[in-house]
């Protein structure tokens, strides 16, 4: 076999989404790669300019469909800053609850997809099974499995139902032993280490130059976690550790994600205890009328036009399951955001593909790209 | 890091291109500069420890366009906003790729969606829209249609 | 969506791939540098009789004998291999349907990665114009008999991205759709229900 | 049991039918119809058809067994709505694939594209004419049946490569290359492991090898050879952890990416035919074939067709182990696979040959007993 370009995608089992990895291979060795994105470009930033502030939340769920609540949180934090609205504390705790549960669910989805990439069939089913338990919890208070539309400017749509915290604790009790089981299924196998050790290495300084964030960065030993470094919501009141590894390879990313799930369980237990002890309102009381009541049907009519509302710019940075997500919302005094700009962590992680793929083999592409944890929705937006 | 500290630590040669270092919600500061000295400003900011470029975005203010750069410093643990204005009839600015290689895809996106040309960019081609797509959708002049309003079902290949 | 009678494909030929070959009229002389593509547009209610006739023709061609026809019909409806690809959000629910709780394999539904080996294309997500011609290619690569399920609101009619500049408002603008599943995204039960509905449709083609 | 074999049954059947036909025919035809040559020929044909049908049925049952067992490993149920417990699911799959169009890509080579899968299928089916299933249940009792079986078994990489090359697809090509490299690398240790068995049994005839295991099955004293043989067999059958040629994650469907319809069914069926053959070979060479140890009560070994029943039970158990491996191991990489093949498997198989020679010299082992003297 001589050198050739290979199109892996848009329909390819490796991609986990809709994108195309063009690989220049020599035999089985990768010489160059060129990711081709945009197959899922839905113009979310443009559509946001045509929607009310609370309607944009609908788009946020679909931006990253495995971490919808984290993206809702990101957008809501930015637009609250742009609109000068402060949410009540219970709403902030509920948002943290959402985000951490979403982190576990997203990582479980990643685990399911990743192990399938290296040929393990059974853990895929286990990951999906345990993820469904978390989705059941989401369903009990947001009404949906994946697209929640739960957060609102000024708070959250509704409180959790009675008995929720106990059910959530049951799920956490079930999950913690499962993490050990996951490790046994993967790390317990020599073949896993043969496949994943020293694979897709991206050292810390390369991560910084290429803008790579999230578990990929932390697996290289650089301790950067926006929940600690730039605490938003109520993360400064919660006790947790930043998951770290120093191998900078696929195994390191695996370890970091598993540890993050454990830390999320730890955070969630604190949040659940707090929620039990502090009942209260979940929406800000002083909302401008044109934003609508939290239970008002979302529609294009029925809103009062706003006049002379102060302008503003909102910026938020959230440690999404995939990495650092940024939002920049410009409020120019209309009912709709003037401009919404998002920064997706996976976007930068894929852009650096050349730096962690070249030199490895074709058979290494699935585990490496699997360890990046790709969500094409938030890359293409 | 306060805006005044930042302004003091920037080299004085940059004074002609700097338009102001001011406080900004969510960021350590906002650094506004003329587009002529963009690369020098990038280098100076990068040397201050802002090694991680998080995003580049373009905003269409109809009469002019604004390019925003969000950078992060691992020492100061804070974000910094860089902003420069480009005229709408000549929307071009120097590429940040020599300073921050991660600017590559962000600039490609800003080029195709907001129509800002980045000079000396190594690989300025379409990223999200199909090749040959002739519009800049994130401009205010680009209106959103209901699909029924389209006369002919055509698309770019 | 203005569907003039001229844009409606003759139902007789609906089963033939050529009638849906959208790239049959690819770049013509005098067109701009960017080749534009005409895509035949059919409405949902026009597709259903077309698909019915196509399916009947197909069975009349291939299962001549009254003895063999029910067997092939039974086999065809009980062994639907969907194409393994994920477009957007619905792909996650598509994957969840193959998880332990729903286990779509109970019904003989096994995803295949190669379009040559699949009989069912589940369009599980938003279809953009950039991916449209690849979707058509994949559809054409699938051997007859084949079916399409539009899963979710995006594939059915554009969903929340209906007004977006880059989104195809409904995959039935590109390929004929047999079953539409509502939901954003549909739950895995809804997806399985759609597949069972398709099985019913195939069974009814016997007469 | 010993006097009624499948061949004798089919001979009697053909004999009765032909004589019934011959009795009503005029004299010249009468003699020809009842001639021994015609009866024998037809009897062999009937025998072959029955054997083929039985092997196909077993293969389809094997797929079902894999789907159900794999489902159980994964906390789900597998196929269950078509037929009782999904038993008819694979028949539905087969009929559907039979009915589907067979698409040949325009750039594909017409000859190789069709010949490859067909020859792959045919060589896999030939195996069933060679392998003995129970005493008297093989068509040709050849003195070198083991050699013939392995020779036919190793045809596969050629046909896989032909079909992969002629599909004119990059993924198929890479899958075909990997398949050829892998099968050649694992052919050598596989044969060396078999040599160990042959040394101890003193024969290339599979029936003799089975009868040599009356005192003890070979898996105990020849454990190293068993390990090498099973690993090599996994590679030959292209199952996880050695399923690189059709690695679904990077090569879409491997060398059968471009195949659909009936040709794809050929591949699927031939894969499982080979899996069945592999399991049968493990049973024949190491697990005593259709015989059972003497401590098993004679009630369990003397009912009609007991040999076949035990043989099938063992075969399905061996395949169950293969499924278990598939459910719990990740896939290795090509270079690692080849390195293990050449660096680990060949020394191990040489060791097994040495151990077998030592066993023959020593003749008796404390736990297992003695090697039967050759020729019994």
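Going by the order they are written in, the chains are A, B, C and D; count residues from 1 in each one.
Basically, contacts are C-beta pairs under 8 Å (C-beta built on N, C-alpha and C of every residue); 3 or more make two chains touch, one makes a residue touch a chain.
Small disclaimer: the values here were computed from a predicted structure and weren't measured.
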Neighbour overlap between chain A and chain B returns C
I want to compare two interfaces, B-C and A-C. Which one has more contacting C-beta pairs?
A-C
Could you put a whole-Å number on the gap between the CA centroids of chain C and chain D?
39
Round to the nearest whole Å and give the separation of the Cα centres of chain A and chain C.
31
Could you state the distance in Å from the CA-based centre of chain A to that of chain D?
48
Residue list for chain C, restricted to those that touch at least two other chains
99-100, 113, 130, 163-166
Can you pull out the residues of chain B that are in contact with at least two other chains?
129-130, 137, 142, 144
Multi-chain contacts in chain A: which residues touch at least two other chains?
12-13, 38, 41, 43, 46-47, 50, 124-126, 129
By the document's touch definition, which label belongs to this structure's chain graph: line, ring, star, complete, or other?
other
Inter-chain touch pairs (all):
A-B, A-C, A-D, B-C, C-D
Chain C residues touching chain D in their complex are 62-63, 71-72, 74-76, 78-79, 99-100, 103, 105-108, 112-114, 116-117, 119, 141-145
Can you name the residues of chain B that touch chain A in the complex?
24-27, 51-55, 57, 59-60, 68, 70, 74, 77-79, 81, 100-102, 104-105, 113, 126-130, 137-138, 142, 144
Chain B-touching residues of chain C, taken from the complex the two chains share
1-2, 33-39, 41, 129-130, 132-133, 158, 162-166, 168-169, 173
For chain A, which residues are in contact with chain D within the complex?
1, 4, 6, 8, 12-14, 28, 115-122, 124-126, 129, 185-186, 189, 191-192, 194-195, 361-366
Where on chain D is chain A touching in the complex?
70, 73-76, 170, 173-174, 177, 240-241, 243-244, 247-252, 326-336
